[in-house]
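In the two assemblies presented below, chain A is common to both, partnered first by chain B and then by chain C.
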Partner chain A sequence: MTIQSQIKTLKIDGRDVGARADETILEVARENNIFIPTLCNVDGLTPIGACRMCLVEIKGSNRLLPACVTHVQEGMEVITNSERLLTYRRLILELIFSERNHNCAVCVSNGHCELQALAQKIGMTHVHFPYLFPHLKVDASNLRFVIDHNRCILCTRCVRVCDEIEGAHTWDVMGRGIDARVITDLNQEWGTSETCTSCSKCVHICPTGALFEKGKSVTEMAKRQQFLAYLTLMRSKKS
Partner chain B sequence: MMPEELQEIATIEQVSEQQFQSRIYVCVAAGCLSSQSDQVKEALDKEIARRGLEKWCQVKGVGCMGLCAAGPLVSVNGGEYLYQSATPADALDLVESLNDTPVKRLLCATNIPFFQRQKKIVLENCGKIDPERIEDYIANEGYTALLHALTEMNPSAVIEQVVQSGLRGRGGAGFPTGLKWTTVAKALGGQKYVICNADEGDPGAFMDRSVLESDPHRILEGMAIAAYAIGANQGFIYVRAEYPLAIKRLKIAIRQAERLGLLGSAIFGTRFNFHIDIRLGAGAFVCGEETALIASIEGKRGTPRPRPPYPAEYGLWGLPTLINNVETFANITPIIRKGGAWFAEIGTEKSKGTKVFALAGQINNTGLIEVPMGISLRDIIFEIGGGIPGDHSLKAIQTGGPSGGCIPNSYLDMSVDYDSLAQVGSIMGSGGMIVIDETSSLIDVAKFFIEFCMTESCGKCVPCRVGTKQIYQILTKIADGMAKPDDLTLLEELCELVRNTSLCGLGQSATNPVMSTLRYFREDYLAHIRVDEQESSEVPE
Partner chain C sequence: MGQTILIDPVTRIEGHAKITIQLDNEGQVQDAHLHIAQFRGFEKLCEGRPFQEMPSLMARVCGICPVSHLVAAAKACDALMAVQIPPPAAKLRAIINLAQLIQSHAVSFFYLASPDLLLGMDSAPEKRNIFGVLQANPGLARDGIRLRQMGQQMIELLGQKRIHPAWIVPGGVSAPLTTEHRSQMLQMIPEGYTLIERTLSWFKRSLNNYREETQSFANFPSLFIGLVNKDGELEHYDGHLRVVDSMGHIVTDKIDPTDYQEYVGEAVEPWSYLKSTYYKPLGYPQGIYRVGPLARLNIIDRCGTPSADQEWAEFRELHRGAVLSSFYYHYARLIEILYAFEKIERLLNEPDIMDKHVRAFAGANNMEGIGVSEAPRGFLIHHFKIDENGLMKWANLIIATGNNNLAMNRGVLQVAKHFITGQTITEGMLNRVEAVIRSFDPCLSCSTHALGQYPLQIQLLAPNGEILDEVKTEG
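Let's turn to the complex of A and B:
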């Protein structure tokens, strides 16, 4: 019997659920319509557990674990909505909003931004940390696309989609801590990148208005992420 | 190499050492080197040559003798006399004194607690052997533990000894070493790796550097024994590029061991093969975290990943990997040589053996010490450390570097072991110990460490990346006297968040210096907080 075919039963928020052994807590929760917020995670890309929005409590452990990378175990009791978790989620979200310039009113993603939607969903009404407001550059050197670092939340979806799906690995991360930035090639202007194929996958997988297409207004710039599910499915069929 | 050859090398070396009537050892580890101990050695060499005493007196460069504050240190006839602050100009007098009375003006007392109260296991060869000659190491029982393990023990018997010893990881968290070895040994898969974590990055810590610079073969031997126990044939030493001397000596040691067949294929004529390569860190503190270190060896950006899976199961290139700290490996050789039971007799019930500490800060005897676990902080600071300079009194002791906490002077009689330190909100860490007197501000200490963590955060997870920055800003505000009571609440809220939600150990422990100072020295913080109403009412018009 392979690991994949093993079936586990566990509890999420008191509900009994069944799962395959290779599934993560997040996958099982979604199958059962249990809400766990995520930002860096997106179906079809390697989960990295970086945004810490999906942290859950496991009974018997005092460590919080990211649901996107934690596999299910027999008899596990998962709690996704304790008072402590709700507070931490709100605070982490506030930290993201305080980090850079997330000014919805003048953002091209206003109304279809995952960060904005999540803040609304979990009821984050204001930020009680001081805004850091760094002065970051906007790189509009690419013919079709723009990267506005002021809106970037460093989820590295662009890095992963470019590496894992497009196979170009144009994007990467540079710098440490609060100075970390996504970069194209060897930290050169996007327009001069030799590896970029202008496929626009990074733009459409970006959860915020950090990556967008030139010449599109707010209503036109809705991100289309269906390509990822489609490619994942077609590629899995091929092999 | 065959077993008999090892004995032969040892005998030849011992005989050639015995030819000399006198021995002068000069410390050539980084501490003394920075005060020109190499020139002292050169001057001594010249003076001996000038008098034609080469066959009579030996001048040897050796590793760290511990009392770094008094360097360059020169030891005569195996510790009969110890000289401090020697200069090249003193060479004449030093050689002259060999037949005469010792040079009084340079004499350093060796009957002081600094030397008497220590117990040397990890540092047993430091200050005795020439780190650049494998023969010297072999003459001091070097590689006999490896020989014993390979020829007389099976892998599980080796692990059994390590389990029995009760040794816990010396890198910081104190995970039982025997248990770690067992899990890697049990992991399925043909190819396994051994990694030595020599990315010592805590400010004020220099234990691992001293071991690497003074006794590099000890690490190679410890790694080889570990590799045999878990079934690995390749090892990596991940050492920070800021330690050029340690790297140089490791390279020399690896080359010498390979030449003698103590590393390589069919070691001691057995079927055991083991190779070691060096990988250099590029100056990132987070690369001391095991998953980030592994990513760095793989050539990727050094960022941690969530655990589980642990490296024991999914490590370097996805294969089972054993990763231990320098000091942990340094303990392996004596454990195999003398048995796990011998080691388990030293220390406390749950923390066995000794621990090397780098004593720094406002203390008289700055330097490297090795003490049995369970010793009290008072003994370390006032006996071994020689107390606090000037008329100042002790305020706090910072252990464990940026991941540790500040312990107030009321805990002076506390036993130094993993669990007691954790109980008071600090950690053993890798062994940094910074003594803080009453003249220092603990808010500055907390601010310094959080600034260190902020700039060394890799930026992958949100709480560590943004949280440490926000904490730093609040602490700056407090230090500048601009903070209000609300800021203190916010600070505590943030500290809890960063500790509980960060991805790796760096973020999870980054707030320890702040939280421990808030716990024990809250009044210091409150004294800096601005209360506007009171202020305005007191202002005379």
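Let's turn to the complex of A and C:
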């Protein structure tokens, strides 16, 4: 295969851009400073296209495609910011907010939350769907960390970082649809988990206040996510 | 059974309330009730949450005195953690609590009460508000607005936010005081003295205009309860509870606030969401007591700061024994503002006030914790129980306004008996019934743990339920 055949040229929002054949639309957009919102995606973990925030339009296709898992193709014409997309993104965010109990004012992550920041950035002013107000538990059985399902958006970053980076696979998902929950081990209290190494990667990669350090008060849970890029780099050097 | 007058809702107070006045067949007032018609359920909705959230969560009970709830809840959390917080943190919490006292008392006196005092109880209702005050006496209104602003600015300088600062945390405060913020606060204080001393002298000059109100506004013997420090001085952050009778004699002293349940009972009446607290040794309803600025100035041996002590000595000359008329709550509020400036200045000059160590860390060590402080309207109790993981199992809040519930009801009855005769409701009478409530500065959204505004409506009903007369004001 020649170098030429590995380079694809495409248009994003009318701009001509070049990309490697193995790159996704999201990666190329970021290289070119084109903003596509994401929630479940995080550099260093396998993209899964779960949150649907990164949906884009592709000329010639009726379907909206998630930029994080769609690879570039020669001659592709991508639109990232049409009115239709902006509307859908707001609706998706509103649905996320309506599904659980997100009370920013009294949240440990207030001011440091990716969900809150994204809602502000894309101009979500109201939630037009009725709130479900589910009765969800807080599991504070771990000595150092707490999981508050009220604030979980099911991005599964915790599941992936625990599996792919820490290698423990303590976290997983049970249930379907609206009843889906992240769980530790065999759906037992986190404090009783035998696989958890208490490494805190899940806590810091969590985009909201769902996972936080015990003892943190309101607004105090700023997440530190630099570890992921660093660990990925160091491990790639060893292999 | 005669007629019933309904005042619904009551205006220029904080929260929702209505008043019913029962008349006998001769048109004389027989009984009166203050109904607090809102329900909030904070004690329930906190269940299952981590205790570290409680200061900020419980502070949402109120937008006027959130700092009080932050302080009392944080103290209850300190008890759950079984820590003694670093002394500079306690001093910083005391300062922010006093800054709130300044702003809250300024709202009560200038925004809510001064229209009655300056323009008169019988003045036109459309003028009887802060804008009317601005027209009639712009200097007084400006002083009030500025005093409130100073309190709010101090809260912001310490807590980074004027309302609901998350800076007060279990174990202390989240950040030390900076040199810059300290000097900004110190710079405000001389102006504070000037404004409050000017207001005090205006108020004392105009007291003679309100002889009838001072006689009839909840003017009766009762107990007074509040916190005092170990020297018997005015105290808003810590200390022990003292109970004083109407003669000014100490009934019980040195009550550890964590033993509050031995002394304070809570009774429920079918006509109000606000529980009535009473002094347990005397039973219900004989154990009627008052809290707040008037009570605090009645229970102490002295304020503990020079200018406030001078004003206090003059204040206590008003009556032999304890000062009994609730009209003097307004007066007491002004003296407390003066005290707050003096005390803040003193605390800011403490050598360790800039110390960097302002927080103790610990997990859940006690399963039960009680925090008590003096809120602007009286003593405030937050009582929490948690499980071994630090999740809330139970909460009880006793809010200052609840402590005054029995007294407010008796006050409404007294003022209604004095001013209401016959079957026509005059505007001035309506306002006096409201004004007696205002003197207590009740915070009903707090005390029923509810929200909203207070337009007012009075209905005069015939025995058959027919509306004889009706007066409404907009909120």
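Please note the rule applied: the second predicted complex is superposed on the first by the 232 of 239 C-alpha atoms of A that agree within 3 Å, B and C clash if a C-alpha of one lies under 4 Å from a C-alpha of the other, contacts with A are read in each partner's own complex, and residues count from 1 in each chain.
In this section, a contact is a pair of C-beta atoms (placed from the backbone, for glycine too) under 8 Å apart; a residue touches a chain by one contact, two chains touch by 3 or more.
Please read all numbers here as calculations on a predicted model, not as lab measurements.
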item: Chain A as common anchor, with chain B and chain C clashing or fitting; value: fit
item: First (chain B), second (chain C), both or neither touched by A:199; value: neither
item: Which of chain B and chain C A:50 touches, first, second, both or neither; value: first
item: Touched partner set for A:69, first chain B, second chain C, both or neither; value: first
item: A:141 touches, of chain B and chain C: first, second, both or neither?; value: second
item: Which superposed partner A:122 touches (first chain B, second chain C, both, neither); value: neither
item: Chain C, chain A and chain B - angle at the middle CA centre, rounded to the nearest 10 degrees; value: 120
item: Chain B versus chain C as contact partner of A:95, first or second or both or neither; value: first
item: First, second, both or neither for A:216, with chain B first and chain C second; value: second
item: Per-residue contact with chain A, leading partner among chain C and chain B; value: B
item: Minimum Cα separation, chain C to chain B, after superposition on A (Å); value: 19
item: In the complex, chain B residues that touch chain A; value: 284, 301, 305-306, 454-470, 473, 490, 493-494, 497, 500-503
item: Footprint of chain B on chain A - complex, ascending; value: 48-52, 55, 64-66, 69-70, 88, 91-92, 95-96, 98-99, 128-130, 132, 153-154, 172-173, 175-180
item: List of chain C residues in touch with chain A within their complex; value: 48-50, 52-53, 55-57, 60, 164, 166, 169-170, 174, 361, 363, 389-391
item: Residue numbers on chain A that touch chain C, as the complex places them; value: 105-106, 108, 110, 137-138, 140-141, 146, 148, 191, 214-220
